[in-house]
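In order of appearance the chains are A, B, C and D, and numbering begins at 1 in each one.
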Amino acid sequence: MANSDVFTVENLGECKIANPIRYSLVSGDALAGYVTDEQRIMYDVARVAGAEPRSFTTGELLELAGPREKVFFPAQHVHAGIVTCGGLCPGLNDVIRAIVRCLWHQYGVRRISGIPFGYNGLLPEFNHTPIDLNPDEVDDIHKIGGTILGTSRGGGERTAELVDAIERMNINMLFTIGGDGTQKGALALASEIEQRKLKAAIIGVPKTIDNDLQFIQRSFGFETAVGKATEAVVSAHGEAHSAVYGVGLVKVMGRESGFIAAHTALASHEANFCLIPEVAFDLEGKNGLFQYLHDRLRRRNHAVIIVAEGAGQEHLSASGASDASGNKRLGDIGVYLKQRIVEHFDSLNVNVNLKYIDPSYTIRSAEAAPTDAVYCSRLGNNAVHAAMAGKTKTLIGLVNNHFVHLPIPVAVASRNYVDPESSLWRDVVEATQQPVVMKN
Amino acid sequence: MANSDVFTVENLGECKIANPIRYSLVSGDALAGYVTDEQRIMYDVARVAGAEPRSFTTGELLELAGPREKVFFPAQHVHAGIVTCGGLCPGLNDVIRAIVRCLWHQYGVRRISGIPFGYNGLLPEFNHTPIDLNPDEVDDIHKIGGTILGTSRGGGERTAELVDAIERMNINMLFTIGGDGTQKGALALASEIEQRKLKAAIIGVPKTIDNDLQFIQRSFGFETAVGKATEAVVSAHGEAHSAVYGVGLVKVMGRESGFIAAHTALASHEANFCLIPEVAFDLEGKNGLFQYLHDRLRRRNHAVIIVAEGAGQEHLSASGASDASGNKRLGDIGVYLKQRIVEHFDSLNVNVNLKYIDPSYTIRSAEAAPTDAVYCSRLGNNAVHAAMAGKTKTLIGLVNNHFVHLPIPVAVASRNYVDPESSLWRDVVEATQQPVVMKN
Amino acid sequence: MANSDVFTVENLGECKIANPIRYSLVSGDALAGYVTDEQRIMYDVARVAGAEPRSFTTGELLELAGPREKVFFPAQHVHAGIVTCGGLCPGLNDVIRAIVRCLWHQYGVRRISGIPFGYNGLLPEFNHTPIDLNPDEVDDIHKIGGTILGTSRGGGERTAELVDAIERMNINMLFTIGGDGTQKGALALASEIEQRKLKAAIIGVPKTIDNDLQFIQRSFGFETAVGKATEAVVSAHGEAHSAVYGVGLVKVMGRESGFIAAHTALASHEANFCLIPEVAFDLEGKNGLFQYLHDRLRRRNHAVIIVAEGAGQEHLSASGASDASGNKRLGDIGVYLKQRIVEHFDSLNVNVNLKYIDPSYTIRSAEAAPTDAVYCSRLGNNAVHAAMAGKTKTLIGLVNNHFVHLPIPVAVASRNYVDPESSLWRDVVEATQQPVVMKN
Amino acid sequence: MANSDVFTVENLGECKIANPIRYSLVSGDALAGYVTDEQRIMYDVARVAGAEPRSFTTGELLELAGPREKVFFPAQHVHAGIVTCGGLCPGLNDVIRAIVRCLWHQYGVRRISGIPFGYNGLLPEFNHTPIDLNPDEVDDIHKIGGTILGTSRGGGERTAELVDAIERMNINMLFTIGGDGTQKGALALASEIEQRKLKAAIIGVPKTIDNDLQFIQRSFGFETAVGKATEAVVSAHGEAHSAVYGVGLVKVMGRESGFIAAHTALASHEANFCLIPEVAFDLEGKNGLFQYLHDRLRRRNHAVIIVAEGAGQEHLSASGASDASGNKRLGDIGVYLKQRIVEHFDSLNVNVNLKYIDPSYTIRSAEAAPTDAVYCSRLGNNAVHAAMAGKTKTLIGLVNNHFVHLPIPVAVASRNYVDPESSLWRDVVEATQQPVVMKN
């Protein structure tokens, strides 16, 4: 695959059917328009002034999402499936709702099946019955956290059996809402479908509460997560400032990327230390966390620490094991830090009042905040447009404020991290006033 | 001004003083970095595949915001002023807080004056006393709506007097937080300052709850506004669905641009009609609102309408007058629609139960939602970095997820509108299922 | 009816059927117990020390609500109806949910009909179809404001037709959730039922967001209303304190009783004037509101006023008309005060920035706050226990923290008012620091 | 102390000074009134119909709180102290605010000292400096969780040293906001003060988030706690219903009394099991929790369990130790149940997805909900009225909706428990549909 083809989106075949939604291709007629396969969005917008103007290659451009003038599937022959996999994330029901409504109202699709409890819901041994979905069924589901379809980990690796089920159910359009592992599974499904010469579209809606997906400017549920995490930090601050040498310690999600921690530090205005996987830190010694924490307590009597779950793993003897989603099992840095801080100050005969808060489950299961509700609604619509146009092996993403088609292989190839040299991290350091480096 | 210079940022002069914040210019050392004046961000990211690769010109590039290696002002000689003007907007106190803290903690500035009640606070006749600002003073202000400095409309046109005051107070750095009119006033101030050969930086933080500023991807407070407006729509829906032929009518802000209305329609999942200034609509006739509303009521017994304050002005005989901020006085479309809908159905002997909600003041005065808190915090930091580096006549904006310097003349030259042909409006039409065109 | 009988609850007849819920009559066995008809609650708890100990009469005692050892109706022959009437009030769906669940799960009743849109839903001319209710149907309805049954005003006066419908549908148990007018209608229904020698229980759940029902310590939805009204006052305060001579004016519900206004003043901690129907006030003159408002503005630059909708009606020329619920049409004191305040200060050439907020519809349609959710849940249970035991012409109320049976004739005979000599009003005056008397 | 004296409130001496607040003693003049020492409130309101009318004794009557016509202290000689002790509870700052404002605005007291970090703040060894309190200082503190004075456990037993400090500071009025232990300490202080023949009033505001104080109908912060706990249960439900055999387990506060658990079960409408200290339960066996949980999972696929921290202690081998407040250290029933449930189902080869949430610190540190804000505001006022009138050894409580004076010895003599035979517990059992008894 040449570099210039890296962002090329795969199609099931030529689109020959007029789109039943009556949009317009004419620019200037004030009617919402179809999108063509030629419309692209630049990904990297950083440039240097005065540099030799350079041209850009196809490989830098992402296909714009949206309804096409012609579609691949006749609506009356569509049987769409929707599956949600992995951990909960705010907005799952909003995405489901948008997919169902767009299929039904815009395209006239009448057969939509919710796959219960993740990929496993397709495997006969689990005996799950698909859920008939329609606009009435999904009308109020955005008011409920979690996913009405249920979710589970694993199952995605049993490609052949899954495609057997897809064949059996005669599903020709599958929406896979899930993380990295889920989308790798989706890619395998699509390849197997291709090999069996079936015509079934696989469209993914990437779900990662950690916001760690490369290319995509933010993942759905992330802003809700920051909002809920901020509430926890406000609580931790309330506890800390009311006690002698009060320390509020909040663990937030972020296995490899500290975006929730960083944004929460900025949103809460109350954190004094923000610890993320991307920035290593010492505990002991002149430049270690304990010393800086002690300084802060002496100066201000209280302190608030946000720690991402993946931070400081070098201090823990992790097992090396993985869960059913293929995620590395992490040591519990929150509990560890809590113990170590208490021990440290005990050894100095200094009494600290540490309160530890782990709000993870209250974050994951929250209703989508309004910004995420908007986002999920639009992700779902664009996923439907993509599927109807016969796109496959494709994720829907937001890049520079435009919805685009992202080929799954590219999207899952690498992750997004908080760059310690970025303006985001700089703003966190300025907000917390923590040392730029806590290493001896 | 040649096209290639359109985005050129003005400076007070050469920066010769080492930045007191110890960042790094080295890439790869994991230390947050200085930004150089050569770092740019592309504004327009839309491209067409297969088109002849074209180079871009300087004129398409915006200067990246952030701390410079050298600064213009010695911190000990800085007297910074902060002024908030015009209507309330969520996040004002967050911006003030960030500016004060960045000046104080990062740069060591110790003289920071809050100008009370807008530009008028600088005019002797109002007898207002500036407010001494420091980190303790602003510590908890993000928990309070409104602006701790107070605000008012007008005064910005009295350029000479304002600069007299700035000279009298020896202010050499003024942060103007306000809308279009405020920033035009700021530009005039900066020009007068230049003519008087003073060295005072004018940095604007654009405030427009309507999100109608060209170039900037969203204005602070906008997402909070959508969140609060969404609550009103949920209420309207509760009223409407509990009544026979219940109609919930919600007026939201949006004088010339319907962004709040459009996003609220998407966020709430409950609106059936979204009326914005950019899309004209008929009331009467086969394709008018009343007919479609009647159809909806027959089908579903209730309906929810969101109307932006600037929508449908063609139906009103507006006075043509303006307020002290120079904004055109609008007719009250909310009250008008309420009356007309009731009259229409009365004339048909159909009883509708219309509940009208105008949540404007509860929106404007809300605390910033977490996403806006993050944004405001970063806007404030970047405003300080710009001012310390001697930038002037410049706004801080967010473009393609990067903070940039926007020359005021460019930024205030045009507005941002909801494009009826855009994917945003398309998604609104799909969510509401309203007719694409409501014109006979 | 002798005084000692005033609180006597009417029954349809002797209860002969063992209660299918297996509670216990034994005290001390740690099992939840049946309640007997002899268990009573004192209403008036004020006494004077040292006074001759006096006995009390039956007339001071209210019958305790709760499950009886024997019930009147065999569950398999019950057809229960539920109707919601009048304006919205937080908690309606919670009450419906509790009634349905208690009937179904505790007693095994399987025929439960929701009457659509108030009493009118029983009248053939409106062509409404009853809604089949069961636990699945009502499972999530507490997450939605309003009432899933719909509501309307009026209809309750058409007693004979309503009882015709009750006979036609074979309903032998009707739960009437509504205000004064609704319960008067319910009483008429019960009397007509009695005359026709039918055996149908009429049990009311009193709904009055104004909390103006005599005997009952608070009505459901009231605390939610105070919470939402408090949010509006916080907004008004945000607007007021950010402006020069800022005045925030908030109108809250309270037609004849100022409980919402009084509690909101206490809850918000931000109000400077609280105006209620029970306390008359002058506008003009040395001791009028305008003068005190001016003083406050001079002293503190801003002020917040809460006004109950029924306050100051003496200043308005009301029409004397009534709405379909029989409520007197009130003049709009909010809009009136707004105009008069602006005019007053204009006449003094003093510029005030008045922001007027009327949050009524966002209050009425809110989800029940947790304390109301608890309350509604218990009201519903007790309503079912009463109906199953063949009580009729009875409301469920909370008196001195006990759920009791209140005969409808007593309960609707008089209203509850804020006593200006009470500790509640004293605390409001202390909190607002408003003058005890604003009369010349 | 004879039974009839049990509720007698102690006074420092005769009140001879006219109350500076101009209330009225006249009934019917529409002016808020003074309260006399003779006004009483009945505590027990349960009666049996038809029983011989019996008189009541003084011992059943509680003194009504409120301003007296004459006060004991001249305002200009008052030095008031306020101390907050023990764990956080929503509303602490609201109580502090009300006390300060009532002292200052109503009585004209100008010396008010906040004692930092509990009783320890009075002990010289801790070197804490009292905080000067006035209305400006406390204006916005209700927006912040925790206590602005800080709190700590212990110190209250060092009576002599504390009274030394009170003498040294010349404090003649101390408001002790805290739990059981705090009020026992307050009683000892008052006795020591009496013995030293000092004239200093000790007035307690009882704080117990568990709502376990005898006589008082609810403690401040309790309803806020229920509200926040309810949010956690909604999260647990979201997790549980989205998983195969999902179990949400939420631990809430309630060391000896299960009121928070019981009310949360009712408020959330989502709990299937509510476990409290007052009702023992087996885990294993036919009637044990595990069996019922398994049944529920088979029937409905998910389950939510609320457990009070003091429930099921018989299953744990507690240490028998106590904390600095004298509270027995409890075993962690939440963590224990989590492990046991997982082990149990593992042993059956049944996979359950258990999510455990412990929201305690986010509950304790929450801002007061509106109903608690009202309550705290009134508690504070009444505490001030009591102190100014020279009451001592007295708590302020709410009994049958009236604020009363409770002698500390009586109030701390016993606790309040959830009576398993009460209507509260009956309603919980009906709401959860859990077995009445889970014992073999």
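Just so we're on the same page, contacts are C-beta pairs under 8 Å (C-beta built on N, C-alpha and C of every residue); 3 or more make two chains touch, one makes a residue touch a chain.
In this text, all values refer to a predicted model and were calculated from it rather than measured experimentally.
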Self-contact between copies chain C and chain D, residue sets same or different by half: same
Farthest chain from chain D, comparing Cα centres? B
Chain pair, A-C or A-B, that carries the greater number of C-beta contacts: A-B
Just how far, in Å, is the C-alpha centre of chain C from the one of chain A? 45
Computed distance of Cα centres, chain B from chain A, in Å: 28
I need the residues of chain D touching at least two other chains; which ones are they? 144
Touch list for chain C against partner chain D, complex: 22-24, 27-33, 35, 37-42, 45-51, 53-58, 61, 63-67, 94, 97-98, 101-102, 105-106, 142, 217, 223, 226-227, 230, 263-264, 266-269, 279, 369-371, 373-374, 377-378, 381-382, 400-403, 420-423, 425-427, 429-431, 433, 436-437
Within their complex, state which residues of chain C touch chain A. 140, 143-144
Residue numbers on chain C that touch chain B, as the complex places them: 88, 117, 120, 126, 144-147, 150-152, 231-232, 234-239, 241-244, 355-359, 361-362, 364-366
